[in-house]
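Below, chain A partners chain B and then partners chain C, in two separate complexes.
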Partner chain A sequence: MGRLDTGRILVTLAVIMFACLAYVPTILREGDIVFALTDVYLYETMINGLLLGGVLALLSLGLNLIFGVIDVVWICYAEVVMLGMYAIFYCHTVFGLPLIPSMMIGIALTAVLGYAIHYLVIRHLVNAQPINQLLATGGLLFFFQSAATLAFGIEFRNLGVSLGSFALIQDIYVSWARLAAFATAAVCVFALYLFLTRSYMGTAIRAISQDREIMTLMGVQQGRMYLMTSAIGGGLAGLAACLLVLQYDVHPFVGLSFGPIAFMICVLGGLGNMVGGFIAAFIFSELIALGGYHFDIEWGYVFAFVFFIVMMFVRPEGLLGKRS
Partner chain B sequence: MRPLQIVRGTVVALAALALAFTAQAADKTIKIGVIYDYTGPLAGGGSDLQARGAKIIIDHINTQGGVEGYMIEPIYADAQSKPDVAINEAVRLIEQENVDMLLGFYSSAQCVPVAARVDQLQKFMWITTCISPAVLKDRNLKYVFRPQVHGGMFGTSSTDFLAAYSQEKLGIAPDKLRVAIIHEDGPYGSGVAAGNEAGAGAQGFTVVLKEGYAATAPDLSSLVTKLKRARPDVLLHTGYNPDISLFLRQAQEQGLKFRALIGHGAGYGVPDKLYESLGSAADYIFNVDPVAIWLLDPTTLAEGLGDVTTMVGEEYAKSVDTPDMDLKRISAHVGMAASNAYVFFTNVLPRAIRDHGGISADALRAAALETDIPVGGTMLGFGVKFPQPGSAMDGQNTEAFPVVMQYVDRAIKIAWPKELQTIDPVLPLPSSSPFAR
Partner chain C sequence: MLALSGVDAGYGTFQALFGCTLEVRTGEAVAVIGPNGAGKTTLMRVISGLIPARSGTMTMQDLDLVATPPHNIIRLGIAHVPENRRLFPRMTVEDNLRMGAYIPMARARFGERLEFVYDLFPRMRERRNQLAGTLSGGEQQMCAIGRALMSGPKLLLLDEPSAGLAPVVVERIFELIRVIRERDLTVLIVEQNVQQVLQVVDRAYVLEAGSIRMSGSAQELSDNEEVRRLYMGL
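Up next is the complex of A and B:
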């Protein structure tokens, strides 16, 4: 009962805060409520925030899955995305493959990379102290950045493909690439939910994430489940790469723009909770968008990070996380 | 002994002495720590191009036999696009590698702290690139010198250019012109933006938006929306490469329209990347920078500089495995570092050795303070002169000036000042541009 009340209070507070952040600055600036309610640019900002949320949700999905099941945070997750972007770039631009097959190869390669990361590194650290796990995946981050610098050089690469945008209504434009990221993130969360709840493999993965010792005694192959999860997580990184490569330049350090935010979204949503991560991504992105619209763009990030810090005090387990 | 034998013996002895002296002289080296970003986001954003320009000059000077008996021993160090690494590398080069001086530096965010540290260690620092006024302004650094144009000049050049063409080309009186100033929020972007704002104020423009953002920001759509709301005629933008691409792509997708876009170096100085990212939408963008040296008429430069300019271009073309490339398409970044390094090796360093007793920081400083190169005396076309100690900008070249270039059909043209023009500036954006209003 108490938990339910807390949840309702939080949702109500969130709605009030959102409305305040959305409209109050314009009302104060213009002194006109009608203007604030009909400000077309405000609605464009909200839509862009929603679409940015799709990008961030997609990025945090694989990271969340891996943490939820294996209980190890891949600090290097954004670098797997970066390698996926390079794979797509080279397949399409250098080897001349059509875009869709290039993307499929990118997803396949990152899935293999995810499998390899677990097999070569994480497997040996599953029962290690969390700090050792973080150090190992942090080391991988620098390894991937340096390896990419050596292999691909320091130049910024660009696919040179733009999906363009369409006018929703007068002066409000929606980017096809961001809309695709949004739709893909939503579909992936749903598909992952179905996979984890309806399939034998998904059930086994969930079971082993709940109690790895007991499930091993009951015949579930822990190592196999972990490898499978890592491959799916890597594949999701590849999927994110497919959509990011359409919007961003590829370079060895592109992960730095996304890695910390993706990690914070996972923590905010409740580490390992994919629905929580999905919701957290949209809260984060709307705070960034609206804060950046009403004030200097940096303020958007300040609001988002302040919100994150406050939530860590109020709900350290995350929005939908379970208290341990 | 016959007189002839005495003469022969004397000649041989003198020759041996001369040989020994030459050998000894050739043994002398000046160790120079050369710091640029060879990795990290800034490397691809222009630093690597600058580093190549400086290296070409160092190699060239060494193949010419060095400077006044000194061979140059460069020790290249990578700042990794991080200010803390730049400081550590500078201190390491000075304290462990015992370099005589430092040269280079692409990022202003690195230059600001490094310059103070190097000056504190009483070593000479010759800045080829970073432009933020904050590096030198009111700091009275003793051993830090910058032949490069500073950010304030970048900022006012674009507003001077706009003031000259606002009425003629845009049909808008300068006092009615609406400009937006957006910039990355480091010392580089902030310094240029301050120059933009001062210049806009002086010309009577209306600044409808002035805003900074983090160069690593993953999303700039809110900024684009605000610009749509503010409806500027002209965008004055300062940024590095990834953020510029992101901004322009999002601006295009969100339907931002304007009459002209003026960039200010760094990312805008790498037109190949702009075209790779935006295609023909990169056409007609202006860029304020020291001129791409291959665009200047060599007959307007001091004797011999034209040949050096060509040599730099050819060596650069070879270094990127495209020996047949059109030199006029090479990024201005390469020539900037090459010219500024060349000034040091052919003007300041020889005078320090000849007139001030060697290569100590004090000798180099004394020579730098005496530098007086007239207009046309460098590959970049401008002169070099440093203010006497005690000025607000100690160490800043007072004779440097940038030009306004325009990218048209993937070629780089000079649009301003008028005496250097290679194109009548295309203003406003033609309807073929997706940004045209």
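Up next is the complex of A and C:
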């Protein structure tokens, strides 16, 4: 069976599974197909799942970019997002800056942090064993959590900004914050795509991810390119922080609630494959949303993790990853 | 143009080159021939800075190559077509060529360089939007040479351009090397295909076990009994 056939079968299976997960529990509960098909709350859940997918896609984007180019997994990526959320929180609520400039400062700081992580830690481990790279970035995760606890305390803090929601159609409400997050994520994914395919620097980043050594012959200073990629990845973490800080409280361990899922999205999509990561983000978000609607939100996460484990058996290279 | 004197180099504890001395003059085509594992590829990698020289001197137009960082070697006018082509397989032919013109002075003349390469290899113009990994072996070699020419080099290093290609394609690659020479390029070529390479170069060096064993004009080496017996199977 060819690769394309496998792909088609997987897509068909996914659509059938999605329809089953969406409608079957309601049909079983209510004993009424028409009710299930016209259940507005179910559709509201699906739309919210879609919007959550945008944020997850953005979260996985930076991680994927860094892995694709430098071949190092930043286990501490979500902690960079957490620090970005704190930066925005402090700029806005403590120093009284308006929200947008606070967010811009947050993005700039995480970009600098991304640069610093590469310069101080990763740079020395680029050619090391993957396990050593994981231990180093894992160590950074605990370092950032502890540093944040010491500096900011363990209180949950929030921006106190609510964008409210609006009725998409009767009885279907959509949160402005989630819609803004989705729209921003979509624009960023598109902008990053244009950058990687149309600009000289972006083409060089793609090239270096395919053959590190040869780019040196082309006159590219590998280290500089890695620093640039790390700064862009850090900046993307800052952007995710802008969107998350509008919806969630910030505390030193907030990274743990979305760090593992961002990592799983990257793996499911095929590590380093940004399109795969984008699709995987929406699969996860719908599983979480629908699981939460029919059962409890925790069940949503259970479904997502079970799906991930099964997929690792069926397709260990990820949805769009290349076989190795 | 290029001068190496007493160059030692290797990988880790393994030494691959022992006191190599060679010279390439402007406008010349010079070959380095020798058996598998003689250190031919190492020699090319030392010149382009991918492996540091442990001792000895290397100059390009009187500029010190040993002290030049690897990514700046191309700025001195040296372009390296590596062994096995090493294209970016998931990028188009044109994006591969674009990467060849990465340095600012080449980027400024990108359009002009691209036309030059497309004129030299019309097949590349036809394949410009095709992924490099899907090209045939001969086309990949053209793309790799084209990518090196994009930087506007003075000296072209060719590492085993005929390796892994069908005999009819090898003929064409050597024909292309003749054409490249007519465009006033200096060429240093490493080859196992001794009989054919001696027909396109002016001079050659024989490298054995990391040392230069002999050197001479292409004609002298073609007539040399030992070279004929060991490397041409005659």
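Everything that follows uses one rule, which is that the second predicted complex is superposed on the first by the 322 of 324 C-alpha atoms of A that agree within 3 Å, B and C clash if a C-alpha of one lies under 4 Å from a C-alpha of the other, contacts with A are read in each partner's own complex, and residues count from 1 in each chain.
Here, a contact is a pair of C-beta atoms (placed from the backbone, for glycine too) under 8 Å apart; a residue touches a chain by one contact, two chains touch by 3 or more.
No experiment lies behind these values; they were computed from the predicted model shown.
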item: Winner by number of chain A residues touched, once chain B and chain C are compared; value: B
item: Touching partner for A:Ala204 - first (chain B), second (chain C), both, neither; value: second
item: Contacts of A:Thr12 with chain B and chain C, given as first, second, both or neither; value: neither
item: Which superposed partner A:Ser165 touches (first chain B, second chain C, both, neither); value: first
item: Which of chain B and chain C A:Glu213 touches, first, second, both or neither; value: second
item: Contacts of A:Gln221 with chain B and chain C, given as first, second, both or neither; value: second
item: Touched partner set for A:Ala289, first chain B, second chain C, both or neither; value: first
item: Intersection of the chain A residues that touch chain B with those that touch chain C; value: none
item: Residues of chain A touching chain B in the complex; value: 41, 44-45, 48, 51-52, 55, 146, 149, 153-158, 160, 162, 164-165, 167, 171, 173, 175, 177, 247-249, 251-254, 256-258, 261, 285, 288-290, 292-293, 296-298, 300-301
item: Chain B - residues contacting chain A, complex; value: 38-41, 43-45, 48, 81, 185, 211-214, 216-223, 225-226, 228-229, 241-242, 245-246, 249-250, 252-255, 273, 276-277, 279
item: Residues on chain C engaged by chain A in the complex (per definition of touch); value: 48-50, 69-75, 79-80, 82, 86, 88-91, 95-96, 98-100, 102-103, 107, 147, 151
item: Residues of chain A touching chain C in the complex; value: 200, 203-204, 206-207, 210-211, 213-222
